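Below are two complexes that have subunit A in common, paired first with subunit B and then with subunit C.
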Partner chain A sequence: MRQTTTEKTTHPALIFWIVAGWVGFVLLPWYGVEDFWFMEWLTDGWPLDTDYAPALFLLLQGEKPWLWPVLPALAAPLLVMRRPKTDPLYAQILLAAGGFGFAWLIAQGLGIGIRGWNAGWLEALFGPLGDRQYGMGYGALIVASAFLFLFTQGIAARGAINGDVFVTGAIGGVIAVVTIFVFFPIAKMLLAAFVTEEGGHSVVVFLSKFFDDRIWGLGCLSGARCGVAWNSLFLAVLVGVLSTALGLVFALVLTRSGFRFKRSLRAITVLPIITPPFVIGLAIILLFGLSGTVTTWVADLVGMRPTRWVYGLPGVLIAQLLAFTPIAFLVLIGVVEGVSPSMEEAAQTLRASRWQTFRTVSLPLMRPGLANAFLLGFIESMADFGNPLVLGGNFDVLSTEIFFAIVGAQYDQGRAAILAIVLLAFTLAAFYLQRFWLGRKSYTTVTGKGDAGVHPEMPRGLAIPVYAVAAIWGAFTIVIYGMILYGSVVQLWGVDNTLTFKHYITAFAVRIEDGGIRWTGSAWDSFWTTMMIATVAAPLTAAIGLITAYLLTRQDFAGKRSFEFGTMLSFAIPGTVIGVSYILAFNIPPIEITGTGLILVISFIFRNMPVGVRAGIASMSQLDRSLDESSLTLGANSWQTFRRVILPLLRPAILAALVYSFVRAMTAISAVIFLVSARYDMATSYIIGRVENNDYGLAIAYSTALIFVMLAAVGLLQLMVGRTRIGRRMSHEQGGG
Partner chain B sequence: MRTILVGASLLALSAGAASAAGKLNLYCAAQEEWCQVMARGFEDATGIDVDMTRKSSGETFAQIKAEESNPKGDVWWGGTGDPHLQAAEEGLTEPYVSPMREQLHPWAIAQATSAGDRTIGIYSGALGFGYNSDLLAANGLPEPKCWEDLTKPEFKGHIQIANPNSSGTAYTTLATMMQLFGEDGGFDYMKRLHANVNQYTKSGSAPIKAAGQGETTVGIVFMHDAVAQTVAGFPIVTVAPCEGTGYEIGSMSIIAGARNMDEAKQFYDWALSAEAQNLALQVNAFQVPSNMGAQTSDKAPDLASIKLIDYDFKKYGSSDERKRLLAKWDNDVSTLPQ
Partner chain C sequence: MAGVNSRAASVVFENVTKIYGRDVVAVNDVSLRIEPGKLVTLLGPSGCGKTTTLRMIAGLEMASKGRILIGDKDVTTLPATDRDVSMVFQSYALFPHMTVLENVSYGLKFSGYSKSETRDRAMAGLSLVGLDGYGGRLPSELSGGQQQRVAVARALVLEPEVLLFDEPLSNLDAKLRRHVREEIREIQQNLGLTVVYVTHDQEEALAVSDEIVVMKNAAIAQIGPPRALYDAPADTFVADFIGEANLIACEIVSVTGDVAEVAVTGVRHSLPARGLKPGPATLALRPSRIRIVEAGGLAATVEKVTYVGPRMEYTFAGDFGQVFAVSDNVDTPYRAGDGVMIGLAASGPVLVPDA
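Moving on, here comes the complex of A and B:
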């Protein structure tokens, strides 16, 4: 396919979306249909039955008259199908029709709900409606998408982004979904911060609550306790710095050393992210708690009474480092591999020592990776809720305070919103700090020119501590996982250590009868739901994340910075807030999806997308723009360039995004608590239920099974995505070191 | 064309949330097993399909509040009474007078009258504490029998209780002390207790779980939670404090605007029957059922041997009194050095 020239008068993308728009309007049910994909509605009165009727049939029966304006907006683009793009009318009609249609759909959706008009002033203006509407269905969804992409094609035809239909469409699409599924629900939730006791809105109330002593108190400087904000900040900075350092250590061992068992080390490094919640916390308590193995052993050794030292900052720090170092590692490994060996070799040719090379060439080129890894660690720590809950002791942090402001004895959503705003302010600050630190320097190292160098090994002075840290942390990880595995096959962890498989049998029993398999174990339902949702969510998350990263690094458009921060929002807010805000936003029309599997998938996509974005940005800032340019000069369009040139070079980032989103979909808990329903129960909420019921064995057995499933999945993903070959010589396996 | 793909695979997962006839959406706030036998038991008794979602009571309350404008649940069964009273106060639940009432204990009906018939008692459980007998022996501590024992200096660093700001259990403790010792005496007690507390947990039953794992010696919790630990195999001894103690009333409410109102009322009546309440015997539930004809588990703490105070649910369940007491606890107790 060649690049579309401006003289052409056939526009495949345009025709596609016009057709889609009409299909959505004339054929598909306009409102939500239960069990749409069973297709029962086709034989159950469609297209005339008003429950299943497409918009056109509703209108013809005199129903929902507010949908009439959609018709001219759909018809108008037909006029320009035969016109060239250069015709000013082409752009004008698409902009007008697409823009009006999209805006109208949103306005009617927000204006008219299940009780008629949604706002008093609408009723005052137009009189009582006497009609109502439920959640939008697939007809509405497709018509809305059609309007959106007709609009972006209009923008492209005006000459924006060099008239690139793909890029404008992608920008429009990503902005639309992020607005709907990130900004809209969060804004709805945060508004509660301004609500007064009487139900009005006030900035003064907000300020007085915001500067509360319980949030900002500095008592810890004088022996008492500090406000939660300082606790969270201190913890998050520690976790950010240390997890980045640990991630870098492992990345260096894997790329710049003669270490033999790289594969196993890699597996150990990523192991902790594939662990369901509470399990690490439990393992740490059994090791370091008051009656923990290590604590009692050390206490006996030095002749002291065992203490509860692990509860508080130390415990949370250990658990969070275990959990978040793999993320830092996944971000860093791509970047560390991507640093051009030629530059390092050039430095060495110029007589720099290994140490000088590392310090002045390699390390600075890794900055985008370091900055993004820190940012992720910082944000994850801020938003993490499970570990502080189990190990926090009296060390309160924002995320747990937010959770209990919502579900605790005070039912204070306003306070939750305030705390969430504090948390967001920290995240925003960290975000700008990392941008400032990266500055405007270039970190490009993959240029497309022949670059067949080999990474030099680490300088000796660095190698020894790096090896030591990697060995200790690796051993620690193995001990923790050994304990978890052990915990799943004993009667009652820590009390009765008789070996048994009964927990696995309760959870995963299978009976074969009548030639079929009966899944009799109590865990199968939630297991299959979780697998299905994770499998659907992972590729979508990775795709949206990487496309966003591509737009952010390769394209310029107005509002890019705030858009970039916006994509981080849903990640930075604790899951509980997301969960409640999703109910507030999506339990009522126009988008009514609570109680479905869809809401779980969507929440996972937008919660985990930032990892794809960060990994993508870090890797893409290493790719020279001349690669894109040469592809474009040779006649490829931007979609082809993205698919054929950039994507293959991004394999580590793709893998990071896929693995992370798959795994998080299986292990995330806080947002899920509010979004699961009887039909869509998730593994994690099942596990929590068991823990609350003192069924530790069952919970740990289920977690262990999930760990193995996820390990298999990660291996499979690695195989499918493959590794980037940047045309370098094979590394120095024979070099020794 | 990416969008098409995205759309198609997303839609494959979606199933509408609308309801059909003969269905019940049950929000259950007791433990998983109990919720399961209640849901299946009702299905067996009536043939009505039950979709059961289990969450903690605080989470269920938050969900019902968030869904207020378009309710998705029909009945909220189980969980401590305060959030039910709060929901009644905010009009989130529906008044209903069941014909089964005459079979209930007076405390269950008192719960209903104090909430304008918007909720009703289904079980009750007394407050108390449990201790880890291994740790108690290892530390050479005397057996605690009374609330006052817990404030003795040798128990310093051995007591765990939840934070009343986040846990209904701990709030019940605070309110119980107000009623046992009067407001001044009660706060004085909380201050002396504070000196011995090693951690204020977030969740109400966490202290006794920590005691089971050997992470604290004493945990102040509802006695049925402590018994559950013993039954699960942990070395926990349950104590009914000698001064007397307060209790919770596990409640049930119909959600205002329930889509399956008839089925909801059917469930409500059924759940108050002795037959339904006896299902608790099949699971590890050690509360006292509200139907006078229902049996109590033989492992459950014997209510006859416990001195129960006349707990004023109306006063201490109201949000104004709660806010006042919690603010006072925050300012006067939690800020003290330990």
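Moving on, here comes the complex of A and C:
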């Protein structure tokens, strides 16, 4: 019966984490093991070989003596297993043991590096260590998690958040992972910007690098070249403004006109989302490049020599607009539809003409959407790597400069860090400006309540230009995609236009021999890696995103606003910056994961998490809070409520988060290009490599294949997640009263 | 066949205060005792703290100060999950992705019943509210009244120590309201449940309650059975909030025993003193209790006359101010401009202290 639940002395969550802690300490290899999941280490000297040994066996062999203090911290929680939760000792012991254990693990991880002590004062204090640290493995990971969740259970037992173990654990978990995988790398990167050639730290070095003429030069005003920062900023503002305007045009055609082919219009505008961004750059080269169709045609017509005019700002701008307008559209369609028709109807009954209604009511209510769309376009443009690389010519932008600073002949981590800081400053500034401009309005536009009205059509003066722009842009998009498809089956673009499947065959050939399939095509390696990493990353991204959204919409706790800011911050961090900071942070112990598939998965999770959070928040705020409350008063705890009531009602959001993170993991390039290794090459970086070798045919063929794979994957996910059975009327009525 | 039984318990508030944020006081130092098996209504205008009080019983809000006891157990710090209380929400809060039967079984699943017993109890709950055979439907396939009954059944089957209703009738149309409120009262009395019921509709409160707690500005204005509140309001707020009252300024001239001599614009009258001392006071006159007399009343003229079908509504004006009155006599109504005398009957007018 329910009354008994409060005095019970068995705590399943507590026992689970205590056991997990001991398993991590006694059974699992403490340090990182390559190819852990092949389990070869089990037969290869475990548990005594120091490479594979669990922490306890390391200690017993006299190795890594700094791990001794972990033992009492693991033992202490055993004392509270039979105590009731209300016992003050219960909370105190868990807080002390969990807190100390977690802090100690962090301290030893940061304090001891690959060459012994990390800081001079530690060496002075304790003498030389004569030992070194390796990258943490699953043993360390599990023990650290155990400490963290024991600590949060201690907090819960103290009475925080009504003593809710699930909620406190979730908050602690999200804070921990965001700190480790967002804040820690960024901090590392900031630090790297101060490093001198001798390895010390200096502000002067930072300043001289920061105010370098190559970054901030204003030469373009007098005919020379401008600094990369100005180039990036100018491009990003242009892309932000134009993609927002174009997105609005399509949203208006779709919601406020009698246009008949709305479905196909939607399809066309959504298509670029499943297209790797630089593919559009390739298509533009095929059209407008030196031997491009349009260029040669116009040149013949006018009798001029074809030029390379498209390389530089015009080409990058067109490509980015094609790539990011659909994103602006997706943001704006929700907002444009969300403007309550009854507001517009009210304005009309108050004697406003259609145009006045649009200008004074509809447009101001769309303000948050416009701001969001601009911000997205701005950030995407800043972070875009593929298109500037393919089409940039002499027009340098921050993202490509960062790349060349890291991988080029100069190999200057400090410069890469500085450029990344500039890039980050721009996007964060845009993020802040947007929040400042919107104030607190952005949350109130969509109420989720039913509305019986009908959106009025656009005023005529607006409709004609809107139609014209939409038609031209739509046609252009179709041509671009036609080029992509066509380009993939042409022998050699502009030189030999005979049709052929040879690019597909080179990339995706299979041979059946010896009763098995041999994937002989050159693209298969990167293709399977991409599929695997996208499949692993998508559900994790959705899970973290939705749990965060649940905490933000449904729970109140101290520091919730900074929590929200922290989780949304990675949204304003361009992929290029993530890439650089991950290399700087995770190349050395305690977390040494560069060159693995894991770092790719993690970078995708934290790159795409904000979208999961946003999708979750949007749909959760449409679920009436009384649903959770009634579940709680019926005796379900918060985890049961989350699983049985919230999650089933969130299927559309789950689908959105899954699809988005899957697709992004397959198409992303900006962070990936820094993190791939020979072993884990991704499709996009492989394609970029082909492009750099002028192997356009193969690159385009591979991209086309990716587009179809993503279409199939999106359809499959839709089937798997299924539809929620909710009567429409019900969901309206919940909002009432 | 499992039925639905009652394990009714009392609810006690000891100096409970609820503060939101830093200084928004939603409930201020409230003490009250709800006897087991009684239906108690929390009544008051919006923002008076009644819903917060209810949610503190449920465990959806935590008291900032004071103690809350259910039965004999201190539940002040227990979250909703661990309290033996169920609640019927204003919006019903039926889970839209579950069938009616799944909704009703939901709480039983967490109470340690076997599968078959869960099913039996849920079916019993549904038949108690007259919804046999609706188990397989989705909430969206039911009418508003049926949804409301599912919500009641879902709360009832847990046999809670206390059952809470948060404005359960506000989403129903007027005719259905009377019907459902009678049903709720009937189930409560048949099963002997402790029910706490929030409403802002005084007629609803008078109709269903054993006892009414009138709240105002985060505190309790008066507690009592419906009749006592109506006939002997503690102050002008309660007098006006329950059943509408004309408030007329008066002067208590003298008090002898528990009878007060009252003067209203020169007219004298004797009334129960209700512990008041001589000095200025207020007289509460129910519109239905106003009688026109031949002589010895307050002189007034008829200002407005409205015919509303079953009765007439009048506004009388005199030196004492304006009063609103209703009369069943629709055949020979007064006309605007007529002069009348308003009588002060022996029972009916009530002295209330100036609030």
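In this text, the second predicted complex is superposed on the first by the 441 of 737 C-alpha atoms of A that agree within 3 Å, B and C clash if a C-alpha of one lies under 4 Å from a C-alpha of the other, contacts with A are read in each partner's own complex, and residues count from 1 in each chain.
Here is the rule we use: contacts are C-beta pairs under 8 Å (C-beta built on N, C-alpha and C of every residue); 3 or more make two chains touch, one makes a residue touch a chain.
Since we're looking at a predicted model, the values are computed, not measured.
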item	value
Partner chain in contact with A:Q356 - subunit B first, subunit C second, else both or neither	neither
Which of subunit B and subunit C A:F36 touches, first, second, both or neither	first
Contacts of A:T633 with subunit B and subunit C, given as first, second, both or neither	second
Touching partner for A:G159 - first (subunit B), second (subunit C), both, neither	second
Which of subunit B and subunit C A:D624 touches, first, second, both or neither	second
Touched partner set for A:L598, first subunit B, second subunit C, both or neither	first
First, second, both or neither for A:Q348, with subunit B first and subunit C second	neither
Touched subunit A residues, subunit B compared with subunit C	B
Of subunit C, residues touching subunit A in the complex	58-60, 62, 73, 77-87, 89-91, 93-97, 106-107, 110-112, 138-141, 144, 151, 154-155, 158, 164, 167, 170-171
Touch list for subunit A against partner subunit B, complex	16, 20, 32-37, 114, 134-135, 138, 141-142, 145, 149, 173, 214, 223-225, 285-286, 289-291, 308, 311, 389, 392-394, 400, 403-404, 406-411, 413, 491-492, 494-496, 532-533, 536, 540, 543-544, 547, 580, 583-584, 587-588, 592-598, 600-602, 673-674, 676-679, 681, 689-690, 692-695
Touch list for subunit A against partner subunit C, complex	1-3, 5-6, 159, 162-164, 624, 626-627, 629-638, 640, 644-645, 648-649, 724-731, 733-734, 736-737
Interfacial residue positions of subunit B with respect to subunit A in the complex	1-4, 6-7, 9-18, 20, 25-26, 31-33, 50-56, 58-59, 61-63, 65-67, 69-70, 72, 82-83, 86, 135, 157, 163-168, 170-171, 198-200, 202-203, 205, 209, 212-216, 228-229, 232-235, 284, 319, 322-323, 326, 330, 335, 337
